[in-house]
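Presented below are the structures under discussion, each in the form of structure tokens.
One chain, chain A, links the two complexes that follow: it is found with chain B in the first and with chain C in the second.
So, the complex of A and B:
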């Protein structure tokens, strides 16, 4: 992709709040961001990146991990798309539309990676290998979306789920085979944007309506154990040491603590 | 089915949009392109331009709500992923047409008031018929309503507007050309994906046909409101502004009266509906003419 014309020479952080949101939640901003790191990639990686030789156990573990990434990304895709109809304003709707495309892309690249690894029917494999706690998380998230509870749903989706994915993908990327590593690197860049939106949105709402804190705290309490169970399952499959699991658990908890939830 | 759907993947979308027809555009047009001075300074033309742009925003907001709402109802992953790209396309359309309103001088804090004031009530009803299906998670009716009826209408309206603006307003024509390319892809998905689902669910036909008839009526009523009460045409006559030839479907739009243009647009869209619905096994229902 060639570089597109710059939107504005003004430093984005110098803008007043509404103008800042107009910029950072726009399709144009998303477009500028992704063209920087998706340019030249096919299915999330450079076409000439070599396929590593994996033994049967490594391949099987990677397949299980990728299947669960697909569950998480499907939850994120369905969650983000459902949130568009209850988003309180146009800018949030447009941002969520960019997130929907991101989540769709993540699902697509993970499914493609499964095919690369020789999985004939990735969708059936995902169903077979899905972690029960992640499936429960997905169900609960979609209930919050269907219940049109904007604050709770955006918290579950863009803070909890995205923080979990960010922590796991980032960590897995350190030790993954070259193709998976490149795929994860692009996904992590997207997740950073999604978490930013979630924290910003929830942070502003908590500041203006502190009474919602108790309700969101309840959602966090309900989802925490599902997140930590999922984390433990995934770490085991990736083959990471136990102290890494603890570190990731802490990283996840810190990300929600930033909003004042302990 | 999976082979056909691979053409609608996000990978394909990335290759055709950001690396294709959207390259070097900002809010859908080239940097430095502006609205013509006359549209900004003539009070009648200015108001009519805002009014017509509001209808585009209303239509695209409906398309955004529908395509995102259909993701959860889609029966397979590939359709979900295509609808994810469509959701993004529709959000882009909302954004670029909203930006056109800003370019026309609408203040950001007045945006919703302006949209409420100028939104055509028949277009709103058209949207409501579709969104009711989406709310019920009725995937087949929703995709027919969205990707064949709504997108089919948008495709022809944008093409006609493009023909009218190509010479006199390159900025807006440029904006429209990107949306036309998107709509073509959306209509293609609707036709290709839904055909097999209709075959598997023939019991859905009567309901879909009723929806098409109802949406078509509100569409024609919107056209009637737009062309029959259009002050812009009278203003151009008063100014004796000579319009350059604008050819569309073999007709010169610049030489046509508003009611003739309405007839041409309505006939073109309905003919397209008939052809496309026939391809997916739905019998076209002639709507009441307003």
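So, the complex of A and C:
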């Protein structure tokens, strides 16, 4: 096993693969990474960032969008924590532990943002405004986790769901009010790790056990329309222009296409 | 980023480079990228979108869209790591003649 003290390369790209994986899947790496972009923030944003004046329609739409972000984050929080027990090795277990911490933080900052916007009972509001497609996606994901189906659950959570969130949060951050923008920027930085873990884990699995491709393809087929329906709902609420909608759809599909699914 | 001449790097290099001219070497500075521990930050920078012109020692991660930087000029066959998304990538020359990174699972 590589020790952290040995990692002082002239070029990081000289590391052996196992050294690299030991490093990036460690809690120590996670802690030093998030410290870089979360220290000094309160509830995911700088304490002195001014609150924008939103009209009633803008506020209502933002509340709906944030409620659905909470559904997605709750799905990932429950999914990632359930996956730890069936993860095939130590590195995956430790990584998922860091992901659980990330997802818990995301849920917390989005709920806090809802309170900032005047929502008195954010969790009740999340239930009331949750997109049926996303709720169904969450239920199906947790069934895969409960069924101890490692590949299908990681594909659903860290490839499909995380790819959707990464694309939507990044895009929403371009037009959001200053506080929401800062909250989303921090979340997107966490999501990079989650999508990378998912794509690489599934890619390695497909390379070593090609027979699982058909099963994962079935999961994709089953969940795709739920993701795309959710994407359409969110885009409508955010009020994105048509070309941005198309770009987001392509961004979502890129990761599954790299894994050979069309 | 500063370019300088360095010799004697023992790492294995891609076949194309063995017969090619010596590689340019680069000293990397911190560009403010804050998503990895401090000691690794100089190896990455934010991507500024499709108009962002990449240097000879840079390649874009297709998974998370961060620019990966190396201390040496990159050539096809090189292996690079994207720490922000924990991917291993191989540098290839695409149909347009430019370098791009492909995920190596």
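One rule holds in what follows: the second predicted complex is superposed on the first by the 249 of 262 C-alpha atoms of A that agree within 3 Å, B and C clash if a C-alpha of one lies under 4 Å from a C-alpha of the other, contacts with A are read in each partner's own complex, and residues count from 1 in each chain.
Note that a contact is a pair of C-beta atoms (placed from the backbone, for glycine too) under 8 Å apart; a residue touches a chain by one contact, two chains touch by 3 or more.
Small disclaimer: the values here were computed from a predicted structure and weren't measured.
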Fit-or-clash call for chain B and chain C when the two complexes are aligned on chain A: fit
Partner chain in contact with A:255 - chain B first, chain C second, else both or neither: second
Which superposed partner A:58 touches (first chain B, second chain C, both, neither): neither
Superposition-derived angle with apex at the Cα centre of chain A and sides reaching chain B and chain C, degrees in steps of 10: 100
Touched partner set for A:100, first chain B, second chain C, both or neither: first
First, second, both or neither for A:26, with chain B first and chain C second: first
Which of chain B and chain C A:74 touches, first, second, both or neither: first
Distance of closest approach, chain C and chain B, by C-alpha atoms in Å: 12
Chain B and chain C footprints on chain A, overlapping residues: none
Residues on chain A engaged by chain C in the complex (per definition of touch): 8, 10-15, 17, 20-21, 23-25, 29, 32-33, 36-37, 166, 189, 192-193, 195-197, 199-200, 203-204, 206-207, 254-255, 258
Touching residues on chain A, where the partner in the complex is chain B: 1-2, 4-5, 7, 18, 22, 26-28, 31, 34-35, 38-39, 42-43, 74, 77-78, 81-82, 84-85, 90, 93-94, 96-98, 100-101, 103-105, 107-108, 111, 123, 142
Parts of chain C lying in touch with chain A, wherever the complex brings them together: 9, 11, 34-41, 43, 62-64, 66, 68, 70-72, 78-88, 103, 105
Chain B residues within the chain A interface of the complex: 9-11, 13-14, 18-19, 22-27, 31, 61, 64-65, 68-69, 71-72, 76-77, 80-81, 83-85, 87-88, 90-92, 94-95, 98, 108, 111
